[in-house]
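Across the two complexes that follow, chain A remains constant while its partner is chain B and subsequently chain C.
Now for the complex of A and B:
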């Protein structure tokens, strides 16, 4: 029996306001009565949907945010961390999903940031570079420590982050989705490192969405759902279906529904539009009640096309006809009035005003329609927002809750709610389900289908092929800023086939 | 799930959070009442209100600008230009009073329009634009006035600002009306909501159908318009139109008021009540320094301390409440 080194009991974290203060006395909690423990020299995998509370739990261990209730024991002693530095001093290292490196410094400078090796008054660059090089080589990576971090690939940056944390002599290392941006061979190297660390008595807490990885490196698996502790399973008892049902909590119905009927009326027609000077002209159309998938690799020009239609980008010639009327170059405000909307792929930068409340965000695109005389009717606004919350199952404390305290899935639903309130006739959806969990995804698919059956025309940009295949009536594939293929026969909707057009 | 009835303590908490400057003002007023002789007197309070009335008008203007994430450093110079404009028109040219005022307000709007266009269309940072236009405006004011003041303005012109209605000075009354209008505009209209959204996230606001370009320019126009009103009232109050009226010191006093009032330099946040009490706080301090017969330089140091305390208070409040 291995020794338990870290134990967390009855951890509760309330949702918090814009200043990070807990809102007690609410029914919505980020974490509720969560138990978690880490044994010596084990890889403990943490799984759960987005918004299940994995990251929050890790942030508590990493000293980034405090728990509101419950206790944390390190080597059997109750401990609280006032900040990430304290946590690090106790031997807990945190490798974040979003990397925390200074892009303007080189590899060695990043590794030794804040504890630069010194020779009298001066920084001892030579020994820093040698040490950094040794550390990298020990892990099997030949990266020049003098390279600027900016010039490294994401995967290489990840490696630097890992080296940095390792150099602190940590006993517990938290890895939040470390393989998300790595290639197969890099993942293999990472796993070798993890095996190595475990052999040396170091424990790893590993967050991942990739099930195939879990069996390979995990010793135990803990499942969180909706902020609650569901259970811990030893790897010997690993069963794919069991873990899924623990995560989801209920059986998923058919993800994709299709109850809509394509009609004849052409709602959007793009003729000869060039998204840049050197690209081929784009021709496409979307009919009423039709879901048109727009597939292609990142950078193929899909978002640029969407934004060109929505008056948020300059394009180079061509016509954009909406119900036969030229709408090119109109301000989003006029387009929204006409019933054209564009749901941005970047909800934090372009979709939501994170510092404002749910209510403010939901009504934001409908202000002019709801209050033609500019006077805000607060009661009506609250009712309208509450209706949206109920309709879309947004999990929130109240309509006054600030959006940056919501989980990704709920934020996305707020954006969707905002657009639905405008009564759109043409929806351009740019990655409508990016970064949200399975349940929220299936709900959004349902909404898309409902809208289409009401006769709304939908152009859906997506990088997820199953989504494109499952939802679309017709598919355009983009490549290098132009339409590379149009697939109209559903029998052609095959991943390999679509992919072959994108490359 | 409907929103539950808020507890009284929760209401208080929210009020303090949104209107920190009211608390600062009260604390300062209580301290002053205890320690400063002659402070706690109706007459003295009326003096403070009279002194605050005009800067409050300008402060509400800059509050809007700060909410966009911008700034208007030309504010004080605009005040001088509008002062000399109204003085020249009323006394020098001898235009009818209503026309003089109308033209002065137009001058204010024009200044705001130019600032707004430069910020929005030419996309130069507001800090630099208004620093530049500020000097230009100052220069123009000097040229049109040949550097001299215009004293002893016509009595019927002065009546606009110094008459008493229901025991209230018209200047105070005008200021009050502006506060009410601005309160409606900022907190009960789609304009205020859009402004907040724009200040927090201009991209998302634009893509949600807010005409951010127009909004941004209009904010600078409203600000300079309010400054023009303040200039007319101040000219009446001191009975002298001066090209040097206002200036950089005035700009900073007004910005200070807004900052004490909780307006954020990063945009998005600003309230009418906050800014009003921000200015009142400054004026109470000024009043105390006068009553205590301390030198003006000490006053400036005190003002600095109050700004710092206000910002510290703001931080503590945000963390604890």
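Now for the complex of A and C:
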């Protein structure tokens, strides 16, 4: 029997302000009577739908917010953390769901922020660079510690964040969806690291929506639902359907469905487009009622292609035809009016106005269509927003909730809701299900299928192969900024086959 | 931070300076005379010293709009004490203390009440301006002790004393920004405040230091200026606010925060100094000069932001 090192009992957390204090007079609970414990040298997986309260529970352990009720025991002694620094001092490291780095500093500065190596009065850059380099290499990553974090890819940034936390001597490491933006080979490395850590007696709390990962690394799984503790099971007893039903409270239907029919009309045709000066020209087309998957490694240029089509990025020659009409050079706002929509992979930067309410964000792109005469009908706006919330199962207290306080996955759903409301004819989806739970995923797949049945042409960029395979009628694989392969025969839609084209 | 690596952008700045000198030198008689050049660097020293503090403030995504008022007020306090017969060091200390305190107050407002920097500094600046007028009923003062005037106007080994002080400020600021923890934290705060807080770094220390230091620089500039002119008049600080911001912006300090080097702000200050001087020699009224400086700021900020967008767009490609 392994020793329990961290234990949380009857934890309750009300919705809170920016200082982590409960809002005055509120009765809305994010967490209610939650139990959670961590044993020595185990990987404890935490799962639950978007908005179930996983990140919130972790923030309590990480000292970012206090619990309102209940107690936390570390090595059997009641403990409270006044801030993240204290939690860290007790050996608890936190890898956040959202990236937490200073983009304007270099890798080493980020890793050592707050505990710079000193030489008398001054910081000792040389030894920080050497140490950082050693750390990165030891973990198998070849990143120059002198690079500005801004110049790294999202995946590399994630790695820096992980290395930073690992560089503290922690007994417990919280990883909140660490793999969301990593590629397969990086995920493998991360798992090797996790195994290593566990062997050295370190415990890990691991949050993920990717079920296929859990069996590989988990020891126990705890399920949260609507802020409540549902139960904990050993990995040996892992049963996909059982976990799902614990998470969702019911059984889930088939993940992918296909009721749409591809039509002949070509909605989007790209001819000879170069996304960069030194890349090969790209040719592709999407027909009405067709779901076309765009696969490839992170950095293969898929997002750049999507943005080029949407007019939010300059490209280098080539034609973009939308229903036979050249749309190259048009501004995104004109394209939105014409029914071309691009759903960004980066919700924080491009998808949402974080300081505005759910309602305002959802209706933002449709105001012009909904109210051609300048005046906004606020009642109707509310109804429309509420409909979207119901349709996508967005977990929120009200349509007025500020997007900043939504859980990661629910923010993503808001972006999806916003674009669906615009009645698109061509929908470019960039990682539409990143950070979204299984239930919501299947909802989004259903909606994609419905849209296609209504004749919408869909270009779906995704790094998740099951999603590409399950949803697409046709698949393009991109490599180094160009199309490396086109797969038209559904019998060819196999993970290995697609992967072989990406490398 | 990287050292003084000459990037394309920096190269451009230097090229502009050189071009400016060649063009102005050939157009304006007397521009390249030793006397005039010394004049330029002397005048620029005031801008550069204010820019030292301003650089830090802008890096943490703030702005200091108290320059006009605080500069005049500190100079006035210091000047009146001098005329009362206080020893020079004591009078100067008093002036510097006033400026630092006003800066610290800005820091307090930003940190504790979360008031946007532009509001609190604007208010403090106006209060300072008002006090400068009140102290001596709106009248100018002058006729300071000779050593004091020497500090503003004299030269040692052919270089104005003001410039030694300026160099001291620039070097100290630069070392602070690039070689100490505090410097890293200042940049970090401009990059991502949440991270700074999560690392348990006190934002209060940063805010107090940065705004306090800016107040200190402003006071020092005010003191030097009153020495240079051997006068304090209550609205003396006026041009330096815009000039210092322009110096930072020209020197590549990003108005979006998180980026900038004080050495380049110094070059920015020289460019502004050259421009003012040239316009003066050409007989263009100072009122027009402000319009010029304003236009320069807008154009450079616009270019800077445009550039940034482009690099973000292109950074992810291969």
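Note that the second predicted complex is superposed on the first by the 299 of 503 C-alpha atoms of A that agree within 3 Å, B and C clash if a C-alpha of one lies under 4 Å from a C-alpha of the other, contacts with A are read in each partner's own complex, and residues count from 1 in each chain.
Everything below uses one rule, namely that a contact is a pair of C-beta atoms (placed from the backbone, for glycine too) under 8 Å apart; a residue touches a chain by one contact, two chains touch by 3 or more.
All values reported here derive from a predicted model rather than from experimental measurement.
*Asks:* Does chain B (first) or chain C (second) touch A:382, or do both, or does neither?
*Replies:* first
*Asks:* Looking at A:356, would you say it contacts chain B, chain C, both, or neither? Reply first, second, both or neither.
*Replies:* It touches chain B, and chain C stays clear.
*Asks:* Would you tell me the residues on chain A in contact with chain B in one complex that are also in contact with chain C in the other?
*Replies:* Looking at chain A, the two contact sets are disjoint.
*Asks:* Okay, in this complex, where on chain B does chain A touch?
*Replies:* Going through chain B, the ones touching chain A are 1-3, 184, 188-191, 193-194, 196-197, 200-201, 203-211, 268, 318-321.
*Asks:* So in the complex, the part of chain A that touches chain B is made up of which residues?
*Replies:* Those in contact with chain B are residues 19-21, 27, 310, 312, 331-333, 335-337, 342, 344, 349-356, 360, 364-365, 367-368, 371, 374-376, 382, 386, 389, 398-400, 418, 422.
*Asks:* Under the touch definition given earlier, write down the residues of chain C that touch chain A in their complex.
*Replies:* Against chain A, the touching part of chain C is residues 2, 175, 179-181, 184-185, 187-188, 190-192, 194-201, 258-259, 313-318.
*Asks:* With touch defined as at the start, can you tell me which chain A residues reach chain C in the complex?
*Replies:* It is residues 64, 83-85, 88, 100-105, 109, 113-114, 116, 118, 121-123, 146, 150-151, 153, 275-276, 278-279, 299, 301, 303-304, 307, 313-314, 480-481 of chain A that touch chain C.
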